[in-house]
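Two complexes, one shared chain (chain A), two partners (chain B, chain C).
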Partner chain A sequence: MTETTKTPDTPGTPSADAVIAPDRQGLIPLPAAAARALTLVGGIATVASTFLAWTWTADFPGDLTVYGYPGGLQWLTLVGGALVALFALAGYGVRGLGWLAPAGPTGPAVLTALGALGVTWYTVIAIAVELGGLVNLEPGGYVAAVASLTTVIGAFGLPAGADETRRAKEAFTAYLKAHGRSRLRLAIAGVKFLNAYIGKPDHIAAPQTVPGWLQRLAVTAVTMAGLGIFSYGIDIPSEEGETFIGYLVVIVFAVWALHTAGLLDRFSRLVAAHRGFALAMGFVAAILFPFTQTDDHYANIGVNILIFGTVALGLNIVVGLAGLLDLGYVAFLGVGAYTAALVSGSEFSKFSGVQFPFWAAALTGAAASLVFGVLIGAPTLRLRGDYLAIVTLGFGEIFRIAVNNMDGVSGPDITNGPNGIPSIPDLSFFGFNFGTAHDLGGFTIGRFANYYLLMVLIMAIVVLVYTRAADSRIGRSWIAIREDETAATAMGINGFRVKLIAFALGATLAGLAGTVSAHVTYSVVPNPYQFAGAAPPNSAFLLAAVVLGGMGTVAGPLLGAALLYLLPEKLVFLQDKSLLAFGVALILLMRFRPEGIIANRRRQLEFHETGQLDVPQQTTLTDEPAVTKAGA
Partner chain B sequence: MNTLPQQLANGLLLGSMYGLIAIGYTMVYGIVQLINFAHGEIFMTGAFGALTVYFYILPGGTSMWAAVPLMLVGGGIVAILVAVGAERFAYRPLRQAPRLAPLITAIGLSLALQEVVRNFYPGADKARAFPSLDTTHDLGSVTIKDADIFLIVAAAVCMSALAWFVRKSRTGRAMQATAQDPDTAQLMGIDTNRIIVVAFAIGGFFAAVAAVSYGLKYGNIDYRMGFLMGLKAFTAAVLGGIGNIYGAMLGGLVLGIAETMAATYINNIPGMQQLGGQSWANVWAFCLLILVLLLRPQGLLGERVADRA
Partner chain C sequence: MTTPVLEARDVTMRFGGLTAVRSVDFTVNSGEIVGLIGPNGAGKTTFFNCLTGLYVPTEGTVSYQGKVLPPKPHLVTKAGVARTFQNIRLFANMTVLENVLVGRHTRTKEGLWSALLRGPGFKKAERASEERAMELLEFIGLAHKRDHLARNLPYGEQRKLEIARALASEPGLLLLDEPTAGMNPQETRATEELVFAIRDQGIAVLVIEHDMRFIFNLCDRVAVLVQGEKLVEGTSEVVQADERVVAAYLGEPFEGEPADDTGTAATAEETDTADETDAAPAPPETPAAGEDTGPDTAEPDGTGPQSTASTKGDTP
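Up next, the complex of A and B:
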């Protein structure tokens, strides 16, 4: 994909030039060489500072008291500092580092420097606040704070890209023209100028062609790195909320920097070129996850994320592809779970004499969900989409009320009411008992890890169904219906039939996931299957996972589910306010980034209402996600 | 003793409450084709606004004759502010967006409002006592409370006022025009943004009236009261024909009576002994909604409208 670089003459009114430094110079007027040196030295000093002690007591989570060995948040600072140093070296044109920043090293250096600054200062301030005063800081803490600040000053002295400087200048001038001048306005315009640093340039040099095996190797390396980063996050103990926040800060800035550097674009092109291979690597990484864990508790988090993610992916067919808003989706998970529990042979089940083998139970659960899906969908899908939202919401409530009442006292005796169906036996395949730990080549695979692996298999099925369906004739009809039902019907698509298929398919997949979740949690009770609650899964969380991650993509809902599961799990202090945060997040997302974290190109254009002529030159309309993250 | 008249009265009362809330759904839907999913929460904030007036503003021992109108004002102001604020800051920026966007915003808003009240209103994480009007009157075989009288009078006054407003006033006629065709209405010089704000405000005020009646009748309110009430009020709006304000009231009454009847009498039907009672009433209400959507999707009073998407 080659493109001629435009070199428009920028008139740049004098008033803008007075505020913004001339082309090819940074925000802070430093000689380029000095800025580069400052960034590099700051980055290295930041790394070095993590080997010092930052505080005197091990009371602060992660033990930051040891000389010579970083701990907790120091590791994160180290990563941030190392990234800055790398990008600064790339700025020197060091051989072999050019691939790091195809779009120029300045933006990434600024972003990673900000990330390192964020995590360092957060740590230092947290130490001072939590332990009561600055006296609790050892010299190492001061060194780190100064070093990270130096880095940021240096990074802002780096020359911003020419294209971006021009764009920022134009935005700046236009803004001042439109709004007049005042100190506040100048500040706002200054913020716009920051875009010169963090915006991704339009033009990225085409990559050199490298042999296929090397490309595959790159995909493998990135996937494994993703697995490592993900495991690191999961392994942060729940008591160390501070460390998890630092982890998030570093990840956000690092990913942003990679985006600005143009590496994410390159990677997604790589993934597009080796789709099957990348998908396979993703699953290999997912399968390897339990082997990186020493504690079955973390495998439990993993299996819950997978269940949550699988259900979110099912919901994504309904919401993301077909554009139908299903607000009672968790009820289908519930139908599957209850069905599986009833035929599991649990002594508390109404049919305690019956014990289906798992494949039969899974099929029964999925089939029961399918039946309910069709029952709910058939009357409502003929109507405008809004009715479906309300009817599914009503169905979700009915399901919970009904299973709550069917205890033999206030209703027929089927589900044991609020007590639910406990002591569901563990699964057993061909003598392989899921309930006990197994030794596998030196690794111990605990109970939850067993279920985790089963869930990976089910996830693979769901991903397969999702991608095959999305690429098929049906999938194209879904997208057509979503975008304009009237036009799609006029083109001969049977809207009702296609929508019903989407709805029923989504319900079936949720039911399938439900059958496993019943066995993982030992028991099914009505309470989790509600519209909104403090812990996933519930319909509101599921929807939030799909919307936050990115509607209509495979990786989006999985990422969203992982995030939404981990945030309340790791940030215990957030527990009370998490629903509030999600509510506000949904509103803000719809307002500012309706396409979610991982954007589906088509969806992105649809949401931003650009006319055909406004489509950026470099983008072609494909269904490839703009950003692909594997291994999450 | 024949329980039918009493049950009918109960259904009628419940139905008036649904009808009052349903007005908010139906007016907004009629004009901007948006399900304001957060309307149930606007109802809830109205109740808390009224409670604030009673407990934190009025001196203790104020006579209910003086307190109730002031609570209506307080609840009304809060509900209107929330409704109009939601329109201005959450929905208006999305007016040209795909349909899914405002619906998801509405869900977010609904969650956020619930959580704001739960987290920041004193004692709102549990049910809070609301002043109630419990004096009972016997009318033949029917017993009603003062709160019921308030509800029925308030509902009747509100509905007649609204009917007059929509038919006779300038703004009301502009509203009808906007509902019929927003673009043409705008060409005729109607400020459609103002009309939409008015629709949200009226809906908010009616929800507040319903909320005060709810508190006076049941004696306590909680942050989750808006969810089910909102859902059923929406059912009522669909039942009557969404977009039609008379339909909303009729739908509310039908739904209220049907729900009460189902809760009382369905266990007399052979084979359904265990499906009666209050715990199943919601289930029957939603079954009614699904039935209506199957048999008469345009609702009782609605006309079949062409898809405007």
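Up next, the complex of A and C:
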């Protein structure tokens, strides 16, 4: 997943080879049959253990005290165990499960086993630490720990290619020899080892042709599963930080396993074949999200993620396509929000008599951002690189400080200074009041869910603008400017003009999102629109969402925004250390996957010198296939 | 009957106290391949940059088809002068086709709105651009690699792609900055053919090169730049025979050297023989090329005004 230690010499259909070839052996020297049995039994035992009580008191979050019913972290263990069992069964060649692992079941089995081990042992250790000692473990906890360990032993005994095993050991020792030993180095070496051990073949055999309706059904099923998984994550209460960590562990290992199994490749092929359908399904899933929620609080998280993600996508035009490092981007969100607040009819607004309908307010906000974008861009865009970054950083701060001072004392009376503009009235479309809950076919759609649905619409517009702009003459000239400005101007591109368009377009989209955010939060104050802070959105987080998710893609910034919003929200126990953890995570990601979680085809080639000539199937500028995942 | 395409009048470029180019007069006629040579640091590339608007000349003017070129690179390209770079400057992370499409920038005018609305005009223009780009890729023989990233192409193909990208802007004059640098003899030979083919399309070509064999085979006229000043200009024989050129490359014999005459003769002979082996086919070829330009000029003359007309049409 991270490194490109692929194994080109592995045959295209290793699943059959891996089952049959007798001389192949895993890392742990076990007979293949025994290893397979061990993995299967371990997986089933892990699943079974979740029906036992793991601890005696409900003090540990998630209530793990009940016999006969899993709860909290046990659910996650159950999922991990079930996945291992599935891949183990696929290893037996059970009919109907062959599709699970087109690239061979060993790698996925190892990874899911590690995931199950991770979440189980994490739970057991957390119980012991938080409740004060191993005495707090019920027998079920021990059973789970032993079962998951058995699974891992079995999985490492599964037949792997002799080459992979040797190469993995070499990679491990070579790294340690070159860099010395420390805990971090050991971890890195471990990742390298795993990468080599489970090495996924470059080319996965093409699937048999399935009827079109079945392919669409598969896309639908995956999208809905994504929606379910995403909703589950959002619904984990903030007090249960442990459960959220377990959730992340299972997700990371499961996605890695699916990648190794070759299923992700197949899925992206499916999506590429049914692009429009997949995009539509993504939006359907996004629209369905509030209907899966019982508490409007979670819809609030959803709408904030959408606002954050939409702004990040706007920034992606500026940073990802045109290559302009803008460190003051959040100011445009602020301009949009303040403009919408001023014309919202709030009694604290300077123009309290004015109340624009939303469409007019949205256009005004976007237009105001556009004007600011041009005003800031026109003098600064003649600069290149670092200079531009410093100047935009300055302008971003100027916005916040100016708004802070326009209170009638230090400056003109426009924005109420630090008090901001409170009590912004709710929107109303043709008598549909966004402020109250509505019943829709038995589902209650609360205030935040209303705004969530509005934001889905706005995000759809922004996605459309992004993809269309990127795949056109103007989009090509942005990328050309990013690649080599001198050459681009020599090809007849008016660099300044084209960059100004990118800057202004990005600003407009951020302003549009800002108009909604003003109504969602009831009030606008200057403070959130700063360069860096503990909570999104601020310029640093926006930039991080783009870089972490994957520059130049549609799904990347949305996924990055979701992660960056959810992590501080769910891991409250980190408190003031959350920024530190965030920094460490960012460094690790940049070390192992510099192109971001969702890689643009271009970027991936840029950072990982594979040396092979790529012959892509289509020549779009963005990776649309993954939209569904983030849209879900 | 030749008409001047590019006229540089009295171009001087100073960087502070250093005069890199000093009052150079220079003309490229339609249907001509002109070479610009000179020792390292003679100011060839600086002169090039003055022509293409990357530098604003301290004094003098550059005009294309009778109109003074504005000192902005993108406007120069729009007017009809395209260039390549000494060190390849492709858009490394764009595909081969996209690179050429970027070259089409000045000849298309779909802005952001039409990209967002995707009307029939937009699709038509995109399709037309793509067709034209594919024609160019066929022309340089890279059509089969249209979806490869430019960075993955071998060196020689990158050079070719850069030329195709420049041709995509439908220039009347193509400036090539050391097109054969780092190439082996076969590739140089192929580039020669390519330049002739470009000339046959009615595009005038100005080449900077260090490879003398290449220059003297190729060019109808050669100008020599030494220390920022134009030393000689003329056919390859004239330039090769000029003692000052030889001196500029090999150094002058110092005064009072005992074997003064023989020394110079020896050096001159040496270069002559060296060049003669190079330029052995050149003398018969040069007049032929000169004759060629005669009938050829009819076409460039025809296309010349056309391309100006299209430029005019684009501006409003």
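Annotations
Following the convention adopted for this analysis, the second predicted complex is superposed on the first by the 539 of 632 C-alpha atoms of A that agree within 3 Å, B and C clash if a C-alpha of one lies under 4 Å from a C-alpha of the other, contacts with A are read in each partner's own complex, and residues count from 1 in each chain.
Note that a residue touches a chain if its C-beta (ideal position, glycine included) is under 8 Å from a C-beta of that chain, and two chains touch if they have at least 3 such contacts.
Values in this document were obtained by computation on a predicted structure and should not be read as measured data.
With both complexes brought onto chain A, simultaneous placement of chain B and chain C is permitted, the two fitting side by side without a clash. Once the two complexes are laid over each other on the shared chain, residue contacts for A:N494 go to chain C alone; chain B is not touched.
For chain A, the partner touching the most residues, choosing from chain B and chain C, is B.
Shared-chain residue A:S423: touches no atom of chain B or chain C.
Look at A:R476: by the touch rule set out above, it reaches chain C but stays clear of chain B. Of the two partner chains, both chain B and chain C are touched by A:D484.
No C-alpha atom of chain B lies closer than 9 Å to one of chain C in the superposed arrangement. The contact surfaces that chain B and chain C form on chain A in the two complexes overlap at residues 484, 486, 606. Interface residues of chain C facing chain A in the complex, by the touch rule stated above, are 52, 54, 72-74, 77-78, 82-83, 85, 89-95, 97-98, 101-106, 108, 110-112, 114-116, 118, 122, 125-126, 129, 147-149, 151-152, 165-166, 169.
Chain B meets chain A in the complex at residues 29, 33, 35, 37, 90, 93-94, 96-105, 107-116, 119, 227-228, 231, 234-235, 238, 274-275, 277, 279-280, 282-283, 286, 289-290, 293-294, 297, 307, 309.
Only residues 464-465, 468-469, 471-477, 479-480, 483-484, 486-495, 501, 505, 602-603, 605-606, 613-616, 619 of chain A touch chain C when the two sit together in their complex. Residues of chain A that touch chain B in their complex: 319, 323, 325, 327, 376, 379-380, 382-387, 389-391, 393-395, 397-398, 401-402, 404-405, 410-412, 484-486, 531-532, 540, 543, 547, 551, 576-577, 579-580, 582-587, 589-591, 594, 606-607, 609.
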